Structures are given as C-alpha cells and as structure tokens.
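Next come two complexes, and both contain subunit A; in the first it sits with subunit B, in the second with subunit C.
Up next is the complex of A and B:
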C-alpha cells in the first residue's frame, strides 16, 4: 500500500469514525460505523492480511452492525429531538478518550525501534491456509487449546441465550 | 483432459498493447466491471419477462403478449416507465438513508458476480478467499433492506424490513454452512480452482462426487438460497397480502427499480454460485467417451455456464409458482429447527467422508 493510499484510507476512516460518534441520528451513527469498518478492512488488505480483511467484513459489517441496525429498528423512533449529553458526561468521555490516546501514543513511541525495521508481512503470512494452520495447530505456536476454550465459552453463551428466551412449558 | 481454453481474446489484446503504469490491468478491470453491469441489467430485464411467462404457463395463462412478439419487449417498456417515473420521498423520511438503501443490495450482487468464474478465463477477480468473500458479501444486501424499510417512515416498510432481516440473517447461516461443506470436500476456497477440482466426467461434479451428501447439499442449498433471496415461497419480506410490499412499499421510480434489479441480480449470482460449487461451473458435462468429450469441450465454457445458470433459475421460478407460502414463524422454525441442524450434520458427515476417503475417484 502506497503512502498516498494509506493516507486516503486513514483520512476516510477517521472521518467516518468522527461521524459515527457525532451524528445525532443513531442510524447515521451506525452507517458511519460501517464506513469505518470498511476502511479498516482496506487497511488490512494493504497489510496483506486478506483473511483478516474478509473476517472484518463478515463479522463486523455482516454480523455486528446488522444486529445494531436491528436493535435500532426495534426501538421506537426518538423523533427529531437531539439528545444533548450533560457536561459531566462530555468531560468524562474526553478524559477517557484522551487517556486511551495517550496510552497508545506512549506505546508507539516506546516501540519506535521495533517499528523501524518492520515491513510488510511475508507473502502467504495472512492467507487462509496460514491462519488456519496456526489457529488449529497443536504444535509450537498452535492455538488449538485457546480456540477450543473460546468455542466452549460461545456454546455456553448460546445455551444461555436459549434458556433466557425460552417460553415456560405451560405457556403454550 | 487438457481441452480447457487458456486465452482471453480481449484481455490478451489489452495486455499486448504495452500500456504504461499497469494501465492494462486497470482497463481490464473496468471492462470486467462494465460487463458485470451489463449482465445484471440485461439479465434482470430478460428474467422479469421469463418469470411472468413461466408463471403464466404454470397457471394456464398467456402472460404478456402485446409488446413485441410473445410480449418479449414488455419488461423493456416497464423499465422505460420506471426511468421516467417521479421519485416520491415520503413525509418524514430520512433522505440520506432513503436514497442510500437501494444501492446496497445491488452492490452486493455486483460484488458476488465479480468473483464468479463465467469461463476458464472470464472472471473479474479471483481472490484466494473466494468462499469467505461470498459469505461476507451476503451481509451487505441485508443492510440495504433493513435501512430502506426504516428510512421510509412507514409501518409496513419497517415490518417488512424486520421480517426480511430476520429471514436473511437466519438463512445466510445455512448457506454459509453449505459453502463450508463444499470448501471442506474440495479443499479450496478459490472459486476457479473449485471448478477445476470438478474436472473429468459428470460424476466428478461435487453434486455427485460425494455419494449422497453432494446431492443433499445441493438440494439444501437451493432451499436456503431461495429463502435468502426473499423469493416466494419464502417471500415473507414482501408478503403482499399482509404488509403491502414490505420494505419497498414507499419506493417508486428508480429507487424501486434498483431493489428489483438487485433481486434479479442476486438470483443470477446465487444460481452462479450453485453452478460453480455443485455443477462444475464452466466445465461441459463430459461422459468419458473421448470423441464426445472433444466435441463438448469445443463449446466455450461460458455457454455451459450460462446453460447451467439458466436451468437453475428456471428451477427457482418453478419453486416460486408451485409451493404454498409458509407463515413467518413456520419459516423461522424451518431454518432453526430443521435446516440448520441438518446442515451441521451434513458438514460433520462431509468431514467424515473426506477423512475416510469415501469420495468418488
């Protein structure tokens, strides 16, 4: 990815993210989020992480945002009134965002030497084959055990959701 | 079996021009994108007419007869009408979202068609991650329908888009599981290689190659994709007798035309995916007799692909006009209580068959 392409994508991404947090309309905020996620996928493609890019679109746009939009559709419309957060909340938000930004900047400045020599990932590094072998590998660096633990956690979530949503037997 | 053509007339000619700065790749890309746009426009126009004729024949009617011979220009006339029709925006609609929504399903259809191999050398792009890419694009179409219904500021539209969102999200899972099954048995996610794994005779197509399972997966794919396309008998999203026209009730003129175009574009894309994954894509139905096979391979791959897609689309239309419609709850129960468990079982069996080598040679 050339510097110009990176700058363009990053600018688009930051603009979309800003739109997502400043839009008065919740659905517009969701659209901003979609645009930001898409730009992230483009950045991943630029880093030769093809699988990550497809997973980003699949999970975040096709999954998370679709359910966010679903939730917005199910809530009654707020009308045209603009919700103004209280000053206290704005200050708290700025404080936390600033702290997070500072943390990131600190980490990047410390890691300067590491980033110096970093280039593109080698060919095939982010391909489906490589990711699959790493994720389901049992040997050195294989992530099979964490993968299985996460699967059990997700299974527990699904069963929990069914238990919560289930109608009582005598309700039929 | 080395009859497969490896030259692309226009593509090679552009590459041979010696354009600077990789301009030839840009030119070929643009030509490919324009071709896809042409395929969708012309295909949708033709399919609207075919659908009306098929429905008429099934119901012992004549269908459109007045415009052109056998009414073949009927949909051209309809499209001209849609082009000049006034675009009405309902009161209180969210204009930005209202105009953005019809574009998303059409974009999704184009994005899917861009990776379908129409012929041995006819494919706009061939990503290594073809199958995950197909699954990822499905989500974008759903978004358009969801936000379109919301932006219309109409209760019928909102109900329609909620129903359709629930339906498409659910059936997408089934389609994804079946595509995973194909990835599992073929060992590739790259769609062109996926077609090339089916070289040989008709028995090497994935629908027959995995005994029994392939056919089951094919039938399940047809059911799930009919539902994902929001087509009758699963047209819960529109359900004319219940919620007017669902998510596109408030759309007129080109807004409606784009939703309509997307519906048929997605139909072509879905049939194309089925032909690629199960029916050998651009490969001819070879039977193993050298003399016959040579003649079959002499026909361009595009023709075979088009014939398969046309047959599949006629099948989709046949379902539409033959089966009664399930209710909303029956539709969701069908997916979550029947299709999804069956598909997961199919995936497990596919893993077993692949591990044990119970695949036809």
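Up next is the complex of A and C:
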C-alpha cells in the first residue's frame, strides 16, 4: 500500500470514527461505525491480511453492525430526547483521550529497535490457505482447540442472549 | 506505510473510542465506542504480523479470535440493552443505576407498557 493510499485510508477511518462517537443520532453513529470498519478492512488488504479483511466485512459489517442497527430500531421512538453529554464530560473525555494518545506516541518514540530491522512477512501469510491451515491445524502451533473453544463460547453467548432478551412469560 | 504509522493510527482510533466511552449518554452509543477500541487492537495485531513477522500467520489468526469474542460480547450486551429498554423505556446512562428490576418509587423507572 502506497503512502498516499495509507494516508487516505487513515484519514477516512479517523473521520468515520469521530462521526461514530459524536453523532447525536445513534443510527448515524452506527453508519459511522460501518465506515470505520470498512476503512479498517481496506487497511488489512494493504497489510496483505486478506482473510482478516474478509472476516472484518463479514462479521463486523454483516453481523455486529446489523445487530446494532436492529437494536437501535427496536429501542428508539420518534421524538426521543437527544442525549447530549454535559460540557465537563466532554472536557474530561478530550483530556483522557488526548492523554492516552500522547502517552502512546511517547512510548512509540522511545521504542527504538522495536520499530527497526526485520523484513516484511511473506506475501502469502494472510491468505485463505495459510490462515485455514493455522486455524484448523492440530500439529505444532495449530489453533484447533482454541477454535473449538471459541465456537462453544459463541453458542453459549447466543443462548444467553436469547434467555436475557426474550419476553418474560407473565407479560400479556 | 510503516509500522510506526499503523500503530499511531491504532492509538488514534483507540483514543477516539475512549472519548466516546466517556462522553456517550446513550447505552448503544457506548457499545459502539467499545467496538471501536477493539477494532484498534486488531489493527495492532495485523500491523505487527505484517511488519515484524515471527509467526505472521499466527498474528493474523489471533485477530480472528478477537473478532469472534467481540461479536459474542456484542450479542450479550445488546440483548441486555433490549431487556433493559423493555423494562424501563429509557437508555440514558445517567439515569440507569442498576441492572435489576425497577422499584416503583425509584426516579427514572419506566412503567410497563
């Protein structure tokens, strides 16, 4: 990925993220989230992690954000009051976020040899074949067991979500 | 594109998420901010996998686990949001003080429809 393309992606991502955290209407915030996730997928493509980019679009944009939008539509009515944060909270948020970013940049400027040396990853490291072999491999470095554990976690989560969100039986 | 710039971008995204988590008053808005922070962590994983390959495929695969766990978390959290809205008719974080059933005299408690 060229520097110009990276700069464009980064700018788009930050702008979308800012929109997602400041929009008054939560539905607009969800749209900003979609844009930020999409820009992230483009960045993954630039980093040659192709499978990660596809998973990002499928799971985040196709799954999580759709879920968020459904929840917003289920829980908001026309004429709901707009919830604006008070001024001191905005100041506090800017302070903490700025402090975090400054601290991270400071750490990065002192990282030294972490940022130098070593070549790029091989061209095919994030391809479907490589990721599939890694994810479902049983030998050295294979991740089959964590993969199965995550699938159990997903199942437990879905059952839990149904149990929590279903209507109580004594309701008419 | 260098590792340093990718990490700075991830820091910026995480900082925006922190800002959102601290200032949002809508419960779903808070969850959106948390998703942004998790996304920033994933960018770090992918950037290190690409620029500092020890086990590059492992790095890219690990981000997949983060994505799966984030989806789980979102499913659980949003079901709680729906259940809370059904009971209280309100998602203002300043007025939500506990997860249990509202007591009738409690200020801000919603009426059942």
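Convention: the second predicted complex is superposed on the first by the 124 of 172 C-alpha atoms of A that agree within 3 Å, B and C clash if a C-alpha of one lies under 4 Å from a C-alpha of the other, contacts with A are read in each partner's own complex, and residues count from 1 in each chain.
We adopt the following convention: a contact is a pair of C-beta atoms (placed from the backbone, for glycine too) under 8 Å apart; a residue touches a chain by one contact, two chains touch by 3 or more.
Nothing here was measured: the structure is a model prediction, and the numbers come from that model.
Engineer: Which partner does A:20 reach: the first (subunit B), the second (subunit C), both, or neither?
Structural biologist: Second partner only, subunit C.
Engineer: Applying the document's definition of touch, where does A:51 land relative to subunit B and subunit C: first, second, both, or neither?
Structural biologist: both
Engineer: Check whether subunit B or subunit C contacts more residues of subunit A in the superposed model.
Structural biologist: After superposing on chain A, more of subunit A is contacted by C.
Engineer: With both complexes overlaid on chain A, does A:135 touch subunit B (first), subunit C (second), both or neither?
Structural biologist: In the superposed model, A:135 contacts subunit C only, not subunit B.
Engineer: Is A:66 touching the first partner subunit B, the second partner subunit C, both, or neither of them?
Structural biologist: A:66 sits against subunit B, while subunit C stays out of touch.
Engineer: Mind working out whether A:40 is in touch with subunit B, subunit C, both or neither, as first, second, both or neither?
Structural biologist: second
Engineer: Touching A:28 in the superposition: subunit B (first), subunit C (second), both, neither?
Structural biologist: first
Engineer: Touching A:145, do we find subunit B (first), subunit C (second), both, or neither?
Structural biologist: So A:145 meets neither subunit B nor subunit C here.
Engineer: Given the touch rule stated above, what does A:87 touch, subunit B (first), subunit C (second), both, or neither?
Structural biologist: Neither partner.
Engineer: Pick out the shared contact residues on subunit A: the ones touching subunit B in one complex and subunit C in the other.
Structural biologist: On subunit A, the residues that contact subunit B in one structure and subunit C in the other are 51, 55, 63, 72, 74.
Engineer: Touching subunit C in the complex: which residues of subunit A?
Structural biologist: Its residues touching subunit C are 1-3, 6, 10, 13-14, 17-18, 20-22, 26, 29-30, 33, 36-37, 40, 43-44, 46-49, 51-52, 55-56, 59-60, 63-64, 67-68, 71-72, 74-75, 83-85, 89-90, 92-94, 96-98, 100-101, 104-105, 108, 114-115, 118-122, 125-126, 130-131, 133-135, 141, 143, 146, 150, 153-154, 157-158, 160-162, 164-165, 167, 171.
Engineer: Touching subunit A in the complex: which residues of subunit C?
Structural biologist: So the residues of subunit C in touch with subunit A come to 1-9, 11-20, 22-26, 28-29, 31-33, 35-36, 39, 42-43, 46-47, 49-53, 55-58, 60-61, 63-65, 67-76, 78-83, 85-86, 91-92, 112.
Engineer: Which residues of subunit A touch subunit B once you look at their complex with the stated criterion?
Structural biologist: Touch list, subunit A to subunit B: 25, 27-28, 31, 34, 50-51, 54-55, 57-58, 61-63, 65-66, 69-70, 72-74, 127-128.
Engineer: In the complex, go through subunit B and note every residue touching subunit A.
Structural biologist: Interface residues on the subunit B side: 94, 96-97, 100, 127-129, 132-133, 135-140, 142-143, 146-147, 149-151, 158, 161-162, 165-166, 169, 172, 189.
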